[in-house]
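Listed after this line are the structures, all set down as structure tokens.
Next come two complexes built around subunit A: one with subunit B, the other with subunit C.
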Partner chain A sequence: MLNQQAESVIKIRDLHKCYWVGTMPFPALYGINLEIESGEFAVLAGRSGSGKSTLLNIVGALESTDSGRVEVLSRDILSMNQDQRTHFRLHNIGFIFQAYNLIRVFSARENVAYVCQLQGKSKKESMEIANHWLQEVEIGHLGYRRPDQLSGGQQQRVAVARALASNPKLILADEPTANLDSMTGRHLIRLMRELNQRLGTTFLISSHDPDVKQAASRLIKLADGQIVEAWNDIPKPPSSITSSCPMSNLPLTERLQNYFKAARGNARNKKRRRKTRRRS
Partner chain B sequence: MLGNFQKAIIGSIQIHHQGFFQRPELSRTIADPDKVIANLEQAGIVNYSRRLETFGLAASDTTTQGVMLIGMDPQRESLVTELEKRIGIGRFLQSEDDYSLVVGATTASNLQVKLGDEIIIIGYDRYGAMVAESFTLVGVITSGEMGLDSGMAITNLSTLQEMVDLPEQITTIVISAEEKRIPSLVDELNQSLHEASLEIMPWYTMFPVMKEWVTLHNGFLYLFIGVVLFIVLAGEMNTMLLSMLERTREFGVLMAIGTTRYQVASMLLVEAILIGVIGIALGIILGYSIILVTSIIGIDLSILLGSTSRFYVDPLIYPHLQLDNLGITVGTILLASVLAGIYPAWRASLLQPVEAIRNG
Partner chain C sequence: MAESYRLGLFTYFSLATRNLLRNRRRTLITLITMIFGIATLTLLSALNDGWLSQMKTNFILSYTGHLQIHAKGFETSQNLNDRIKDPEEISRLMQSYPEIIGWTQRIRTSGLASVSGNSAGIQIMATDPEQETWVTSMDQGIKEGIWLRPGMSHDLLLGRTVAQNLGAELGDRVILMAQRLNGEMVSEVFFLRGILETGAPQIDRTLAVITLNSAQQWLQMDQTVTDIVIRADVHDNTDVLYRLFVQQLSDLKYEIMPWQELDPMVRQWLEFSDAYGFVILFVVIILVLIEILNTMLISLHERQKELGVIVAIGTKRHQIFLMLLLEAVMLIFIGAILGYLAGSLIVFSVADNGINLTHFANAFEFFYMDPVIHPQLTQSSAIKILGATLAAALLAGIYPAWKATRLQLSQALRIQ
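Right after this comes the complex of A and B.
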């Protein structure tokens, strides 16, 4: 039992997260309890808007929460300040994004080597590590190419290599196959699963791709911000807004601050939508 | 422009009889010019020339015009001024000329004369008696400057001496010297010639307006640098801010995978400085080539020069590079680049990775 506790990579207790739309709190996650152990290949499934990305971002020390406890690798990430979180991410977590998100001006090799250099390794050593991981993801011969000279599947492999290059205990992948065709996606997920088994790196992957779900060592079902046992379980509605969104208990000044923060974000989104509409 | 001003007609230093500059009368000739010249040569000055200057009236068949009548030594004049180069039509005076005349273009057109025409010059001799002589027009100064092009009639020194009955007499010795040697030279001459009741005047004492103009010019340099600072600041800040916003998503990713906000900020700062450095390098190459070309062919400012040309400013300017000015400008641009980088860097350091990735 004691041993098992030490093995747990992620430990979430009664996690609540609210987004603020105007002055209205919107509960995105409520009452999440989750434990993920070392070496798991856990897949977070759920409909769009169920809170998968939100949960991954919280685990990745990228997003704040409203209440609850989140321990990653036995560290209380919620109590960390921004710089501590950055440091924690660099040394413990690898990220894979839906849209690959490689650095455009870097070659594939440089993209992978970058995190090693951030960790303080020499350029030469970083490049060697990058070469190694690019070979692991079977694109060792394409290291010199820039992202725009690679296919989506190849880019996502570079992203996997980048996530592994920092030698993390945990890799978080938010819909890694969503932008790929099913064949390419299947290959990628098989590769990730193989690496997981060989290296023992823990994976937490959000996806609604059946191939991904099939490869999972554990499937976590998320519906309306809650973990459910089966899809036909109707998640119990939050007893009240204040219980799931303790923020609404906050003093008015802080609520107003949240309101303005959200309002600014909304305005920006609106502007971006206008821009993209005009472009198309 | 300063060099041009002197070169046109005034020279660096002029020596007159005491009071001549204020009231140029023929009674105020230099008492013993040979002694003064001997003194100059002793001081190692070789670039000097004699002149006799008075006022007169130039008359053609149709009209008359008041002129400053200058007798020059055609051979030595080229040692002190570049007047000869300003002759646009005809030729400059020659030593063997007799009653030949060079006038400015404006004067020539006022008098409605052309090369070879006769011009009558009416003046006063040393006793105040009126004299009139007939001259032949051999050259016209077309400098584009009011001071030179109008109100000036130039003839041989010996001719004018004969006309006003002042054989071997002169009113003016013009000296050309290096700009930075002028003050010490004036001191030196004042000492060695102090008995002779002369006035030894550097150009800036004769034409203080020009000196002010030069000072003003330096003031303009700082104004100019201020403008440069502003333009670089605004332009580069805009560029940096745009390129930062364009890469918001990328910065979000960088931060998510472990880049600190300080690293992101310093990345942008370095970028801004690099833009400045590249700009400086390109600017120096371009600017230097322009200076190189224009220092040979000159820049013609005659359209721009309205009133200043009254002070004998040459409309053809020949730019040259001053290293200290270059240093100030380069320093300013570097400073502006750093400043232009600070705001975008600060903005970038405040990015929240999730929002940046979502919104970028």
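Right after this comes the complex of A and C.
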């Protein structure tokens, strides 16, 4: 459950990002304002090309912006140079990618331990941490296997362990279930949600998987580079999320309420119809 | 400023090794190409060193020795008045240097030889028959007849070509004509006891050898000589001895000449051979460099996404640079070592019997070369080959490694 007093992990103000193909501009993000608080399990939803991955990359200090302000863990990441960004990512952000993106030549354990070694820990200590996190994601017995000897779901669990091994405050996951079957995807989401609740690590996930959206503590819908809808599982004033899009705040909550009313109404009607049939 | 953490060396090596083994076939093909290149380079280098060494030895042992001491100006004037007046003083000096295994005194002058109406210009060399055998292998160059006998004052040896030109045969009376110290022309009858080949045709065209005693009497030179010829235990000690003699005999009365200065043509030829060796080295290294560069760039292209990921999770750019550079260095180093070993095996297998180039013997004899070349592995060529390959490895590795640090993260991560 989110704490009302929780501090902001991500603070984005009036963010614009445009890609250029030759002389043709392709706006990717347009006037994004967003605040994610500590411990949230936030999901960025939207169609392909809506700007989810770009937003995630910017928050992860992997990409630059055209204008705006991005603060992650109270640090202005846009003012950092390349090395400072790398250092910041190493100590504060964990990444989970759609295609797992494990280092092919390393075993599962070495993949997880690598991040710890980058942080300056000894090999032995890094291996111990790796073992711990592999057990946390329920594949402790597969640590010696290379990525090509693991299933997609197992590889993504290794990626989750790797993301957590550096003890980050924020985990960014880009379509983590897109390459998994629905059952494995659901397991992975349940695992990530559990870790989020147990460790309090903030998750920002881009996905259009309904299971991921269902698990979200907050759903942020992007369309054409703008936040068009946002929804929290906690009753909270929608003003905590704003967008330059004037219609961005209310429709989803209203629609959801209508949807559930309608669904309840339909269920009552069905019962009535069945009773009527039996009587007749 | 961001703190800087170091990745353990073991991690770098482990990553580099595994990345090289990732595409085994490509690594193997690259290695085979390198091994072939470096082995060829080793063999060519050994051949070059082998024939240079033979040439040096032939030149030194056939006639000149390692060092010669003359009276100041003799080598230019060739005048008997520029002579060493007290050779015994210098000879006593020789005994204090263990690097010297032999020395001899000589008189050198030009003259004329005639046999039965035929005459030819000659270079008369008078030497001590016993001492000479410690300095040069001239006595082993006797093709007909015998070497000079001590005490036999009218014995004469002629170079094969001059003997042929004169039509002289063993036992023939040969009249030699030369100029005494006072300028008077004198002639003397000698008996041809032997015909020799020094290994250098230009010497054999003019050489006439008589004993030192007979020359001293005939030319009225008393105990004086024109040359003191020294043989060192090994070629490399020539410079050491040269420096010692320059220090000891620095009173301007003498000129000390190492073998390289006695025949500028030989020196030029040796320098040319060195240059030729460098050209071969350069060409092979460039080929190796291109091969490695190609392999590394393909590998980099294939691994863009993975490199993007490892940068994303916190690997610094200088660490990426080192990883890629280490891969190139390891690949070249393994190739260089295996190539050098393969080349050495070939050299060892042919070193004893040598490579027979008898068909081209006429082309080589001018340069004091044997028609059978015995390839030779030397420390300097090993350093040159391995050093140059290491430099090539760094050059070939730097560009892909630098390119990897310029990777656009967002683009690399989007690669499918």
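Operating definition for what follows: the second predicted complex is superposed on the first by the 223 of 280 C-alpha atoms of A that agree within 3 Å, B and C clash if a C-alpha of one lies under 4 Å from a C-alpha of the other, contacts with A are read in each partner's own complex, and residues count from 1 in each chain.
Criterion: a residue touches a chain if its C-beta (ideal position, glycine included) is under 8 Å from a C-beta of that chain, and two chains touch if they have at least 3 such contacts.
Quick caveat, the model's predicted, so the values are computed rather than measured.
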| item | value |
| --- | --- |
| Fit or clash between subunit C and subunit B when superposed on subunit A | clash |
| Contacts of A:Asn57 with subunit B and subunit C, given as first, second, both or neither | both |
| Which superposed partner A:Ser166 touches (first subunit B, second subunit C, both, neither) | both |
| Touched partner set for A:Asp83, first subunit B, second subunit C, both or neither | both |
| Partner chain(s) touched by A:Phe106 [first = subunit B, second = subunit C, both, neither] | second |
| When the two complexes are fitted on chain A, the stretch of subunit C hitting subunit B, from 23-31, 59-67, 77-85 or 113-121 | 59-67 |
| Set of subunit A residues, in rising order, touched by both subunit B and subunit C | 57, 60, 62-63, 82-83, 86-87, 89-91, 95, 97, 101, 103-104, 114-115, 118-119, 162, 166 |
| Subunit A to subunit C touching residues, read off their complex | 53-54, 57, 60, 62-63, 82-84, 86-91, 95, 97, 99, 101, 103-106, 114-115, 117-120, 123, 162, 166 |
| Interfacial residue positions of subunit A with respect to subunit B in the complex | 57, 60, 62-63, 82-83, 86-87, 89-91, 94-95, 97, 101, 103-104, 114-115, 118-119, 162, 166, 265, 268-269, 272 |
| Subunit B residues within the subunit A interface of the complex | 249-250, 253-261, 263, 353-355, 357, 359 |
| Residues on subunit C engaged by subunit A in the complex (per definition of touch) | 1-3, 5-8, 10-11, 15, 18-19, 21-22, 305-306, 309-317, 319, 409-410, 413-414, 416 |
